[in-house]
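Dropping the structure in here first, questions after.
Chain lettering (A, B, C and D) follows the sequence in which the chains are written, and residue indices restart at 1 in each chain.
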Amino acid sequence: MKRLAILTGGGDAPGLNAVLRAAVKTAVQVYGCEILGVRNGYDGFIEPGGIVPLGLKEVRGILPRGGTILGTANRGNPFARKVEQDGEEQVIDVSDQVVSAIKKLKVDGVIVVGGDGSLRIAQEFYEKGVPVVGVPKTIDNDIGGTDVTFGFDTAVNIAMEAIDRLHTTAESHHRVMVLELMGWDAGFIALHAGISGGADVILIPEIPFTWQAIVDKILDRVRRGTYFSIVVVSEGARPRDGGLVYRQAGDEIYAPRLGGIGQQVADTLQIDTGLETRVTVLGHLQRGGSPTAFDRWLCSRYGAAAVRLAAEEKYGRMVALQGTEVVDTGLQEALVVPKRVNLESDAVQTARDLGISFGDAG
Amino acid sequence: MKRLAILTGGGDAPGLNAVLRAAVKTAVQVYGCEILGVRNGYDGFIEPGGIVPLGLKEVRGILPRGGTILGTANRGNPFARKVEQDGEEQVIDVSDQVVSAIKKLKVDGVIVVGGDGSLRIAQEFYEKGVPVVGVPKTIDNDIGGTDVTFGFDTAVNIAMEAIDRLHTTAESHHRVMVLELMGWDAGFIALHAGISGGADVILIPEIPFTWQAIVDKILDRVRRGTYFSIVVVSEGARPRDGGLVYRQAGDEIYAPRLGGIGQQVADTLQIDTGLETRVTVLGHLQRGGSPTAFDRWLCSRYGAAAVRLAAEEKYGRMVALQGTEVVDTGLQEALVVPKRVNLESDAVQTARDLGISFGDAG
Amino acid sequence: MKRLAILTGGGDAPGLNAVLRAAVKTAVQVYGCEILGVRNGYDGFIEPGGIVPLGLKEVRGILPRGGTILGTANRGNPFARKVEQDGEEQVIDVSDQVVSAIKKLKVDGVIVVGGDGSLRIAQEFYEKGVPVVGVPKTIDNDIGGTDVTFGFDTAVNIAMEAIDRLHTTAESHHRVMVLELMGWDAGFIALHAGISGGADVILIPEIPFTWQAIVDKILDRVRRGTYFSIVVVSEGARPRDGGLVYRQAGDEIYAPRLGGIGQQVADTLQIDTGLETRVTVLGHLQRGGSPTAFDRWLCSRYGAAAVRLAAEEKYGRMVALQGTEVVDTGLQEALVVPKRVNLESDAVQTARDLGISFGDAG
Amino acid sequence: MKRLAILTGGGDAPGLNAVLRAAVKTAVQVYGCEILGVRNGYDGFIEPGGIVPLGLKEVRGILPRGGTILGTANRGNPFARKVEQDGEEQVIDVSDQVVSAIKKLKVDGVIVVGGDGSLRIAQEFYEKGVPVVGVPKTIDNDIGGTDVTFGFDTAVNIAMEAIDRLHTTAESHHRVMVLELMGWDAGFIALHAGISGGADVILIPEIPFTWQAIVDKILDRVRRGTYFSIVVVSEGARPRDGGLVYRQAGDEIYAPRLGGIGQQVADTLQIDTGLETRVTVLGHLQRGGSPTAFDRWLCSRYGAAAVRLAAEEKYGRMVALQGTEVVDTGLQEALVVPKRVNLESDAVQTARDLGISFGDAG
C-alpha cells in the first residue's frame, strides 16, 4: 500500500478531525504510506486544488477540534448533480469524471468518512471499481451494521445539557419547555437525551403521537401538583393524524406559527393545557464543538481501523463498533436496513417504566 | 431586626438560589433573625401558602443550582393586574392588599431580588411605606447603578460556548451562522459573547443596522478567501430602515419566514450573499443551569449585603457592584436611567478595532 | 413482589443517584411495589435509622447529581469487620446479623449497586439465602460480564478534559506533564483518556514499563523538535524492575519524593530527560459531579432492569450491558475473572499505531 | 507607529492568545503597523529564530485556545540570569544585549504580557530606555493598579468546578475533602472559588491560621449532624505557629507525609478529627484550557488597548481594568504595592457571614 485518499462528506459531526488524525498517523507511521486529503467531499477529486497531501504536521493538534480540516461544502451527489444550464435546473452525472480522477491519483484505497448519503455514494463508486472503505459518521446514529456512529455521543451530551438548563427554569416558572432535537428518520438523540435529561415526554419519528396523549400527560402532572414539564421532540416526529395543522380552541381557530414540529407542539400545548410554553430549537449546536471522550476514542479507532482495512484490501467494507470491538462489515449490508429505534428494546421499555410518554397511549 | 421577607421576581436568572442562600445564612447566623420566603413574587403575600419560613436546612445544597426555590410564576404587577371579569379583561390594583399583608407579617424589611420590572414595583411599594431593599438581577445587564447584574456572566458564557460550537461547523461547511441572543433593549450579551466568541458581525439594539452593511461585511470576507461568517444578533436589534420585512431579490419578492430578527437576518443574508445560512435562537438556554463562579460570588455578596442593608434600615436602596466592592445605591436613582451599551466605551472601540461590524458603516 | 431493598456500596461513582431514581420509579410505577433504601451500604440493615422508605418524592431531581442520597460511608465487609476490642483490633463476622435483619424486613429482593467488593459480598449473601440482584458500578470498569460499568464514561471525560488543559501549558512552556489517573488493577481510564486526550505515553497496570522506554520516547520527540510530552499513568502502573525507587543520575543518588507512581515518573523524567516536568494527581475529581449522558442513560436502564430481574425472581444475577442491550449475567461468573485491558484488542493496537508508547518497547 | 514587538512571559494563563490576537488585529487593521512576535519571553530578542512576524493569518483561530503561540519557556530574568560556567552556577546580566537587540529591531514599542516578574523586568527595561507597555497577566490576581488580571476568572471557575465535584463525594461518603489551589502570596483564587463552591474552611496567605480553629470548625459541623466538610487551601497558606510539622496524637508522633500545605492540612485533620480525609492538588489544571468569556473579553480589550497606548507613546504604562473601563496606569505604581486580599472588604465579610472559617478564630 503506497497511497491512500481520504474524504469527509455530509453534515458536520464532532470527531471528523479525530478520524483524519488517526488515519494519517496510522498510514504514515505504521505503513509508511502516503495519504491524500480530498477537500469538500467527492468534489475535491475533480476540482483544482482539491487534493492536499496530509502528513503528521497537518493533523497536529486537531484531535479536540470540531469540524473537519478538509471541509465538506460540496455541490452534492456526483451521480446526480443539480446544475443550472441555460437558466434551467438539470441533473447530470459526473461520477465517471470522479472515477477517472481517482485512477489518475494512483491510490490504493479511498477512505470515505460520511453518513448515510456519502456512504451510499461510496458504495456506488465501489461498484464502479473504486476501492473504498467506509467510516460511519452521523450524529443521528441511523446507520446499520454498527452499534453506534461517531458524533452521536457528543450530540446527546449537548442535548442533555440543554435539558438540564431548561429544567431549572421550567420548575421555577411553571413552564412547559419544548426542546426540538435533530433526527429526521431516527429518534436516537431525543430518546437518549430525553432519558438522560429526565424528560416527561419524548416524541420520535418511530412512534407517531397523538396530540391528546401529550396533553393528557402534561395535565396529569398538573393534577399531581407538578406545574412544569419537559417535552423533547425529534425534528422528524409527526402526529398520527398528520393533518392537524390548524387547531380549534373554544370558538376560535388558531393557525400555529410556521416553524418546525417543536414550535407546533409548543403552540398546541400552550393552547390545550393553558400553561405557559416555550420552545427551543437546538439546531446546529448539536453538530459542533469538541467531541466527547467516547467520540474521540471511537474516531481514533475508526481512523486506524480504516487504514488497516485498506492495507488488507478489504474494500467495499465499513468499520463498525460491535460491543467493545471495532470490526468491519459489508458496506452494502450496513446500508440496506437503516437503523431505527427498536421499540422492543429495553431502552424504550425503560423510558416507559420511568413514566415517560411517547405520545402513543390514548 | 427580628424578621425579614425575601422574594424573587421576573424571568429566571442563574444565581437566584445563591442570593437566597446567602441572605438566609446571614440573617440567621449573623443577626439571629427570622427570614420568610415569599413564593411566586409579590403574589405570595396575598395567596394561601405563599409564605414559607426559610432556615439553614431549606437553603442547603442550592448554591450551584439554577432557578429559584421560591418560584417566580406570578400573575403580574400588583399595581396593575390584568384579570378577567364577566368575560372582559380588566386592570385592577391589588397593591393595598399586598401592603396590608406585609404589615401583618410584621417584617422589618422586604428583600426584592428582581430585574427592572420587579425593582420598579419595589420602589412603588417603598413609596407606600414598605421597607424594601433591592438586589439587581437580569441576564441582560440593563440596570443602572451597578457595574453588573447577576446572571449576566453565566448567560454570556453560555452564548460564547454556542458560538464556539457554531464556529467549527461554519468553517468546515462554508456557512454563515446567525445566532440570536437575548437583549431587547440592551445589547450587552451580544456584545460580550460576540467579542469572546470571535464573531464577525454583532447587531445590538443600541446601533440600528443597515442590511447593506452586513451583506458587505460578509462578502468582503469572501473576497479575502474566508467563506464563513458568524453573525450575533440581539433579539432587540433592528434595521435602521425598519420597514424591510418583505425583500426583493432579482424579479421576485420574498416574504421572510415569520420568526425573530435572527431568522430575518439569516433569510436576508442567504438571499443577498448567496451563501448557505443557518440561524440558531439560543432562547431560554441562556437563563438556566448552574451559575458561573463570578455569578455565585456576586450573588453571595449581594445576598449578604442586602441583609446588612436591612439591618442598617437603609430602605429604598439596592445593592450594587462598583469596581471590586459591593456598595449600595438609591433604588430610584438606579432605575431612572436604564443601562445601555456605551457606544463611546473602549469595549465597543475594541470590537471595531478587531474588525467586527455593527452594521452601521455604509 | 411487594417490597424491595436497595443499597449503594463502595467508592463514589457518578450515576448512583440515577440508578436509585430509575429503580424507585420502576418499582413504584410499574410494579406497585414498596422500595426501601438502605443507608451506608450493608450497615444500614443493622443500624438504627438505617432503613428509609424511598418514594417518587425522594428521588425527584436527583438524576443529574453526583454522589448517592443513601450514603456509602460504612464500616467495611460484614463478613470480616475490623473492630477494636480491649484496645486490640479484631475481625468479626456480622453477616448473620445482616441476614436476620433482612429477613425481618420481609423484602422480596435486595438490589446491590456496587463495585467488585460490594458485589462479592452480595454473592456471599446470596449463598446464604439472600435474594440479591447486582448492578455493576465502578469508575475503573474492571468488572467482567458487562461491556462497561457505570461511572466509567464520566471519569474518562473528566480525565480527558484534564489532559486538554495540560496540553496547552505543556506546549507553550516546553514541559513534560504527567497525569496520574485512577486504576489500581485495570488501566481502562488511562487508556481511554490517554487516547482521547492525545497522550504520548500511557502507563497501565497490565503492561509493566521500563524507565528507559519512556525516557527514550520523550527524547525521541525532542529530537523531532517537539519539546513537550503528555504522560498518563494509572495509579497501579509499575515498572518492570519494581525496585527502582532510588535512582542514580551522574554521581549522585536521588531519592524520589514520596508520593504515588505519578510523582515517581515525573521525578525520573525530569532527571533523565532534563526537561521541566510537572505532575498532577486527578484523584477524587474523577469520582464526583454530574454524570455524562451515557452514564445517566446506562444507569437509568440498569436501575429499571434490576427491578425487572427481581420481579422475575432472577436472583444471584447482575444487570449488564452487552452491545446495545441491557441483559443479565450470573453474579458469580461476572466476578470470577475481573476485567482487564485486553492487550490484543484493536484499542491497544490503535494506541500503538498512533505512536503512543506503553513503555514496553526497549 | 510602524513596528511593534510583543512577548508573553512567565507561567501559563488562559487568555494569552486572546491578547496576542487582539493586539495583532488592532496593530495591523487600525494602525497599519507591523507587529513582531518575540518567542519564549525576553530570550527571543537575543536567540536565533526568536523573532517571528505576526499577521492576521498567524492569529486566526487562537482566541479560544489556552497557552501562547509565542511560548514562554525561557532561561529566566535577563538582568540576573543563572548560567553554569566551569561547573559552577553564576549570575550574569544580559540585559544590555537585549536592549541592543531591541534597538536593532527598530520597534516603536514593546508590549510585555506578563505577571509580576515579567512586568518588573519590563519596568527595568523601561528605565533603560526601552519603550514598554505592560499587560497584567496572572491567574493569582496579585497585581496592583487593576481590578483584575486576566486568567484569574478561568482559574476560579476551574477551581469551583473541582469543589462541585468533591462536594458530592464528600457528602455521600462522610469525608473531609481538602483542595489545594494556587496562590503563594495572595489568596484570591481560594477565596473566590471557596465562596463560589460553598467551602466550609478557606485558608489563605493573608490570614495565618491555627490548627485548632480548623479542627474546631469541622467538629462543630459534626456536632450539628454534618459529617463532611470542604476545606480550600491556598498553596501559600501557613499556620500561625509555623513549626507544627511533626504532630502528636495520643502517644505517638506522626510525621506528615511530605507534600504541600494541602497534604499537611489533610493529614492533620484526619488525625485530629478522626474523619476520613482526602486531598486534591489542582495544580496546573488551573492554568490551562480555553478561557472563560470574561477572560476572552478582558484579553481582547487589553490587547487592543495596549496597542493604542503604544500609538499614543504612553510608555512605562500598563493597561488595567477599573470598574467597567479599561484604562492605563503607571507600571511602577502598579508594581509598588502587590495586591492582596483586603481583609476589610465586603467579600471577606461575606465569607464570615456565610459561616466560612478562615482558621483565625480560636
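Definition applied: contacts are C-beta pairs under 8 Å (C-beta built on N, C-alpha and C of every residue); 3 or more make two chains touch, one makes a residue touch a chain.
All of these numbers come straight from a predicted model, not from anything done at the bench.
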Key: Chain of greatest Cα-centre distance to chain D   = A
Key: For chain A paired with chain C, centre-to-centre distance based on mean C-alpha positions, whole Å   = 31
Task = Can you check how far apart chain B and chain C are, centre to centre, with Cα atoms defining each centre and the answer in Å?
result = 42
Query = Can you list the chain A residues in contact with two or more other chains?
reply = 164
Ask   = What graph shape do the protein chains here make by touch: line, ring, star, complete or other?
value = ring
Query = If you go through all the chains, which pairs of them touch?
reply = A-B, A-C, B-D, C-D
Message = Quick check on the complex: what are the chain D residues that touch chain C?
response = 11-12, 16, 65-68, 71-73, 158, 161-162, 164-169, 171-175, 177, 227, 257-259, 276, 278-285, 287-289
Ask   = Which bits of chain A are touching chain C when the two form their complex?
value = 22, 25-26, 29-30, 63-64, 147-148, 153, 156-157, 159-160, 164, 192-193, 195-198, 290, 292-294, 296-297, 300-301, 304-305, 307, 322-326, 345-347, 349-350, 353-355
